[in-house]
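Got a structure for you, questions after.
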Amino acid sequence: MTQRIVCYGELLLRLAAPGHERLLQSPALQVQVGGAEANVAVALARHGHRAVLVGRVADNALGAAATAELRRHGVDTAGVQPAPGRMGLYFLEAGAGHRPSTVLYDRADSAFARAGAQAYDWPALLEGAAWLHLSGVTPALGAAAAGAAIAAARAARAAGVRVSFDGNYRSKLWQAWDGDAAAILRELMSEAELIFADHRDIAVVLGVQAEGASAAERYAAAADAAFAAFPRLQRLASTVRLQHSVDRQSLSALLRRREGSVLETPVCELSAIVDRIGAGDAFAAGVLHGLLDGCDDAASLRYGWAAACLKHSVPGDFNLVDATEIEAFVAQEGYHVRR
Amino acid sequence: MTQRIVCYGELLLRLAAPGHERLLQSPALQVQVGGAEANVAVALARHGHRAVLVGRVADNALGAAATAELRRHGVDTAGVQPAPGRMGLYFLEAGAGHRPSTVLYDRADSAFARAGAQAYDWPALLEGAAWLHLSGVTPALGAAAAGAAIAAARAARAAGVRVSFDGNYRSKLWQAWDGDAAAILRELMSEAELIFADHRDIAVVLGVQAEGASAAERYAAAADAAFAAFPRLQRLASTVRLQHSVDRQSLSALLRRREGSVLETPVCELSAIVDRIGAGDAFAAGVLHGLLDGCDDAASLRYGWAAACLKHSVPGDFNLVDATEIEAFVAQEGYHVRR
Amino acid sequence: MTQRIVCYGELLLRLAAPGHERLLQSPALQVQVGGAEANVAVALARHGHRAVLVGRVADNALGAAATAELRRHGVDTAGVQPAPGRMGLYFLEAGAGHRPSTVLYDRADSAFARAGAQAYDWPALLEGAAWLHLSGVTPALGAAAAGAAIAAARAARAAGVRVSFDGNYRSKLWQAWDGDAAAILRELMSEAELIFADHRDIAVVLGVQAEGASAAERYAAAADAAFAAFPRLQRLASTVRLQHSVDRQSLSALLRRREGSVLETPVCELSAIVDRIGAGDAFAAGVLHGLLDGCDDAASLRYGWAAACLKHSVPGDFNLVDATEIEAFVAQEGYHVRR
Amino acid sequence: MTQRIVCYGELLLRLAAPGHERLLQSPALQVQVGGAEANVAVALARHGHRAVLVGRVADNALGAAATAELRRHGVDTAGVQPAPGRMGLYFLEAGAGHRPSTVLYDRADSAFARAGAQAYDWPALLEGAAWLHLSGVTPALGAAAAGAAIAAARAARAAGVRVSFDGNYRSKLWQAWDGDAAAILRELMSEAELIFADHRDIAVVLGVQAEGASAAERYAAAADAAFAAFPRLQRLASTVRLQHSVDRQSLSALLRRREGSVLETPVCELSAIVDRIGAGDAFAAGVLHGLLDGCDDAASLRYGWAAACLKHSVPGDFNLVDATEIEAFVAQEGYHVRR
Amino acid sequence: MTQRIVCYGELLLRLAAPGHERLLQSPALQVQVGGAEANVAVALARHGHRAVLVGRVADNALGAAATAELRRHGVDTAGVQPAPGRMGLYFLEAGAGHRPSTVLYDRADSAFARAGAQAYDWPALLEGAAWLHLSGVTPALGAAAAGAAIAAARAARAAGVRVSFDGNYRSKLWQAWDGDAAAILRELMSEAELIFADHRDIAVVLGVQAEGASAAERYAAAADAAFAAFPRLQRLASTVRLQHSVDRQSLSALLRRREGSVLETPVCELSAIVDRIGAGDAFAAGVLHGLLDGCDDAASLRYGWAAACLKHSVPGDFNLVDATEIEAFVAQEGYHVRR
Amino acid sequence: MTQRIVCYGELLLRLAAPGHERLLQSPALQVQVGGAEANVAVALARHGHRAVLVGRVADNALGAAATAELRRHGVDTAGVQPAPGRMGLYFLEAGAGHRPSTVLYDRADSAFARAGAQAYDWPALLEGAAWLHLSGVTPALGAAAAGAAIAAARAARAAGVRVSFDGNYRSKLWQAWDGDAAAILRELMSEAELIFADHRDIAVVLGVQAEGASAAERYAAAADAAFAAFPRLQRLASTVRLQHSVDRQSLSALLRRREGSVLETPVCELSAIVDRIGAGDAFAAGVLHGLLDGCDDAASLRYGWAAACLKHSVPGDFNLVDATEIEAFVAQEGYHVRR
């Protein structure tokens, strides 16, 4: 039987300038649905799992459309509740060449951000779940959402549901309220047995600077600190991105288990990148997919990395690739036209 | 020398479903700039006047783009200040046939709504102005905006600048705060010498129900009440719309001067309507144009009515038609292809 | 608890020329999902019911996309099976003015058309269902589909599930094989307690020509023949369409119960029609909605008629309107902008 | 064997604002190919005849594309010569409601306008031709084009090829040079046995004002003058257009033979007009089609009128409708969806 | 006098997802016309030759549109016959980065596939032809098409028309029927004096595996086997493609004459590839162009390779580049803007 | 106080094929506004300066739209006069891979080209200006424009306004009339204290061939000649572009002061170029920005180079990037998503 994975987070509308245009250079916006945790849910559904999104959306046509889009991609939306308030939005201007991409958040006071711990009946929502996935984006939205996130993580632990947590630290988002980011993220991480975070995220949360000559060494050092601080933590994973320009980048990934050395994938060269937004979520979903399917850590890491690489070829937040496509990439089946 | 007309109100981004689609039926939104008072400013600029918009926009790419669009259409934007906060948005689903159009406001907590009376240096902004135009939309946004609107109207009176006011009563918008709509609108109307309002608006504000067999009779009754309540008021004007469906409607207009009977335009049959949003603003701008150009009341009314009729043929909030086009319509020059 | 309504029929991809262009006048096609029974399922889901589609789609990206689109609109797609074969397609050229619309079917040998009676486990699929809805399109596709349709109708009767049937007689489609249309349709109609058919459909099936001065009289005569021929039949309903041009038409609807006279709705004038495809399916779904909600015949008929009228305002096969919108139309709440 | 009809005139690029937008309201233009005589050629090809266009286009990618588009629609383009100079352009802003359409010509100094009588080897070009069709647009472009047009008409007469001429009088175009419009048009008309012109065109050319209570009477009077002035003339035909707005118009047509009374078609009501540009050319091609097919005058007129009515439903200059569609309209086969 | 080259093969509609989207990710498809042999015909027409397509299309609007598009690009379509049946379609999802492109064929039972040897009057069709070009795609469609292809090749030999054949082996297509691919292709190749095939195609047909350290050595070995098996064969040519990702590839080409060593072009680096579909056809057309123009083998090969390289910059199946552009590439004239 | 910079040159409409399509491959053109000097004005406005365009546009909707677009981007358009004549146009086909971009000018006889020296009141237009910027494009348009350009440069010198001149030598444009390019450009350059030109431009004007092993050496030699020929000249600057393909290029820049050695920027690798048109104008505006802001030569050069590099990421002629973005590029702040 397929396992139920519960993702808790905000469903957003992404409003993007077409092609390589500057925001509102021409009078059109392309609309997609996104949000870190929703992205994970869609990818997991696409990889063949029973993914559930829990959250709130505006009780209007926009909220209904966002929910419908998630349903279209196979996510169980029974836990998405319409409620008063607005939809969280983000405006995206895709960069090009040497002009970086820009994200303009407009998510203050959303129906999701307003919903506190009491808004969700976690015991019921987590029933039968294998994992609860959440991220550092949610607590950044305000006290209510932060409280809800902590309640969710605690409820999961109480119910014996494994918790995965994606750091996703974005300093600008935390300016929305005066919450203590480090303390809150520490509390959330302390419930997780799987954390997606790089050494900078760890530094923000634990206040220690990871040092080392190579990315792997720095990662090992950060992991040491994380495993020491979070006794429940079993695995720490992250992508490593090198950026020559907006179009040409390279991507590898690292994973460290509580016991053992840092696992590392090959480096994938990315050129003519279509859309990098959501690559981190694709990675998280990929690693979770591996673990859910009983793969070993190396295979799970490789699957997550492959998923993240392929995400760069898909427009929108969602990683609309199937397990067979990811496996073909891992197996290096090449680039001939499939016909 | 062309006269300076100051419009004070919120600049909005309008995000519309393409064609006759339902909102987010397909993943695209068409973006235009709007807002009741901005619409008046653009129309006045297009009719050859020096129109100025005063207000606040978000200090980000969206606010800059909205301001630039206004400038493109010839409005003086020196009084549009970028400030922290978000842009007011509205989502539009154009109706068709027997399905009405829907507007979804998302303008809470905008940079404009946050700005109170102290945000604007009215004596400077009104210098050299012939008119100040504002509408009932602004005070609906919150206490700060309501205070700013009243301050603007008082400053205009103090400076000898004539005030025109468009009722624009929308009960849903007023739910944003607990302001006393009737009292605030009454205060604003009491400063105006020209009010755009129909008998329902007057009823909301004055609490009296205008009665009469015909539209003109009801309007005369409402006008009697208005002239009695507002000693500064010289003219009351309104469009009269009959709606057979979303596509087939008819439009006429009424104007009553303090002394004198109700003036009435012919009835214009509208079929295959392209976009009716902003027709009321087009009417207000047209009447103001007539008055600014020294036309008599009948000619000003006819000009406003003609502008409103033509607005139905232009996509977007703005009435992108020129004085010569309006005059050709008034002169019934017909529908042959101009070449 | 909401009731389960099972619709059995082919999910089609509709490939339409944009705007009012002739087919392939420009190098683009707009893609939507349709099919008579799928349209009914989507409308019922949109009206708040638990609608299920049963059928087969191609086991490729197109079949998956069509299924996902149905899921997006709230239809339960657990009964939609991917299978070898192609997707049924139809190319649509929307007419305008005095140029009629054209549909070019390309649905031969689809995965759906290949599937015979043995392809579906009807007892399981019908479990808990209140209604089974099918139409005359399915048997036209070939012997396998005809056999499957008859098996479905019989299984429904056996399981005590009420059967509704939409005649949908299209002579061109029946050229796909040498089946005896009248005999097969008669067999299907004999299982139904609710039939959507006009006097021409009845004439094809029963070989009797309904006569009468008015549409209602002709309808009463056709109904007499149908009630005589089909003892299970309780209600016969149909729309009546008058066509002045492609853009200007009028629509009313008729319903006759076994006992009683012909019920008739008002006539709705339709101008600037956006998309009439699927209006008949919208009508069927609306009548079913009324019956499911326990309305009387007149109210059910009016709801179906209102749904059909509103369908003309929505692009695509699906009637993307909600129950509240239909009720507002019935209540004649007018055409002002909803904001 | 199908007959060769030679059309001589300028191939233009039409650059149109999308939908109902004002020119350059958004940053896009839709490109189509047009030109009065090219429109006739395409319609004749579509109706099953061997139509040939003779003229010059710019020897660049634009000229090649325009020629290719004509070839796509079945016109023989062997007589279209690339030559130095620019392509004639016209910018189109489609009107709506009460806002008329606007055409902005930008065709001065085109490769076509530069080409005088010596540019064309008429005896060779007219070999095997049944008709030569030209219009009053060509001589308006300048002395060279006027000379070429007169040479063409004379060569046709010399070769026994029948000449049809469409008045197409547009005063603005004639401002391009100081030619004597009346004298030149008179010379061209004197070569024609079939002229498309209304009473205003005749008035311009002959300086006589046709009077009469009805359109038919005015037309009879104008025809009397024309038949007196042009001994070769056998038939005079014209459409009659009434315009309630840009969207709602009505169309009928008149034809008078040298002997006989004015023939008149029914009046066709046009609503939700898609594109009226080229309707006159569609009429001319339709009448020519009738005459080529050996129809009597009434049938030819009705065919031309039906073609013109259907043209209003097709975007672009070209009348992309087939003979069977025109015949179905004449036979009043109605507006049901063809499937 | 330009020479007549007859291409025999299926005209297809290509329905492609826009940009880099997954198939039906958004509700639009871009339509182009393609097909291996049609692509060759268009390229030859564009390079200045008289190219003729022979085949069948559906006798509906789609078939007519596909034929018109070919005519637009200068191909003689007198040999394209409308016939009952459907149009062959293929759906294309363009890949990006590390996600390969996908082609979904939907061409079973097309009007073309149904047409057997008796459908074509080869002696008449080949009259005056210099070459007949066909490919391995046609026999894969079914017994009728296979028979027709063999009949065409034999008729060409009988008429002294040179035959060129493009292997185009696609195992999935051959699953449409139970034909013996190797035997049929062998028969077709035995009629050809010019074959486009790489060492894998040869291996499929002849059952021998070409070995060698370099591409050129492997090619020489495959050519040895081919020249031994096919006495009429004079030249064997192929492109060599290396694929680093979907966007970054390199292309060179090889040609071996019956006598002589393997000729090789330089390697062209391809980045930011626009559309690689049809590059093989562009190569074939380029080599044929060289031979038709009397170039030596090296120049013909280089022309074909240059044409194939440039094809990667053109959207659609067709290689819309002119001889002068290909020559500029061969002459390394660089990448400055031409103005 | 911000300084006024006057740019004198033609405002053009740019009509571009969408994406990577060949010109008119599909029936759409994207419209942008451009022109070498207008591009400089927009960039300067965007960088925070008070930029003014002086010139003439057609007195029609196209001229008004082009002017409005400039105003949208913050340029002062009070000096843009509507006048009889046409708008200058250029058609753009963006290249890709190994297919170069193509520009097709259609600007003969424009309202701008017709305007001679007497059309502009230079003393008034230059009042309060810090710089006058013009380019070698203007005199290429004809004797009138050449005379106007020389008059402008002389008036600037007379008024003590500094003159900058961009060579922009395009031999094809100069074919529009029989002017002596070298002599006229020499006269214009003799008024300038800042010239943008590479060694080829200098060679055209001065008839001397700059030699040297490296780009910098050749540039030093050309500069020696220029400083000798033009006593007022203080700085000579140019970009250096290497082109591997249309998509992959590299860009550096050089500047030489009258005294001193050649300054050189780093080389920027450009891949997946979005739009290179206007990069030279972006460079000129960037250098001017540096000088206006009081930067030293090295910083001004680096700013210009950075602006030119970023221009390649922006669609359209205009360099829509802000000073902070340019500074971030110079500071190598990397390519992470800004959020």
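Note that the chains take the letters A, B, C, D, E and F in the order they are written out, and that residue 1 is the start of every chain.
The rule we apply is simple: contacts are C-beta pairs under 8 Å (C-beta built on N, C-alpha and C of every residue); 3 or more make two chains touch, one makes a residue touch a chain.
Everything quoted here is computed from the prediction, not taken from an experiment.
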**Message:** Just to be sure I understand the contacts, which chains border both chain D and chain C?
**Reply:** A, B, E, F
**Message:** Please tell me whether the contact surfaces of chain D and chain E are same or different in residue numbering, using the over-half criterion.
**Reply:** same
**Asked** Which one of the chains is farthest from chain A, going by Cα centres?
**Response** D
**Fill in**
Between chain A and chain C the C-alpha superposition rotation, given in steps of 5 degrees, amounts to 180
**Centre-to-centre distance between chain E and chain C (centres being mean Cα positions), rounded to whole Å** = 45
**Complete:** Note: chain C residues in touch with at least two other chains are 22, 27, 102, 104, 271-272
**Request:** Write out the stretch or stretches of chain B touching chain F in their complex.
**Result:** 68-69, 71-74
**Request:** State the interface residues of chain B toward chain D in the complex, per the touch definition above.
**Result:** 268-274, 309-310, 312-316, 320-321, 325, 328-329, 334-339
**Complete:** In the complex, chain D touches chain B at residues 19-22, 25, 95-105, 170, 172-173, 243-249, 271-272, 276-277
**Asked** Along chain C, where are the residues that touch chain F in the complex?
**Response** 26-27
**Request:** Please name which positions on chain E make contact with chain C in the complex.
**Result:** 15, 22-24, 27-32, 60-62, 65-66, 69, 86-87, 89, 91, 93, 102, 104, 106, 108-109
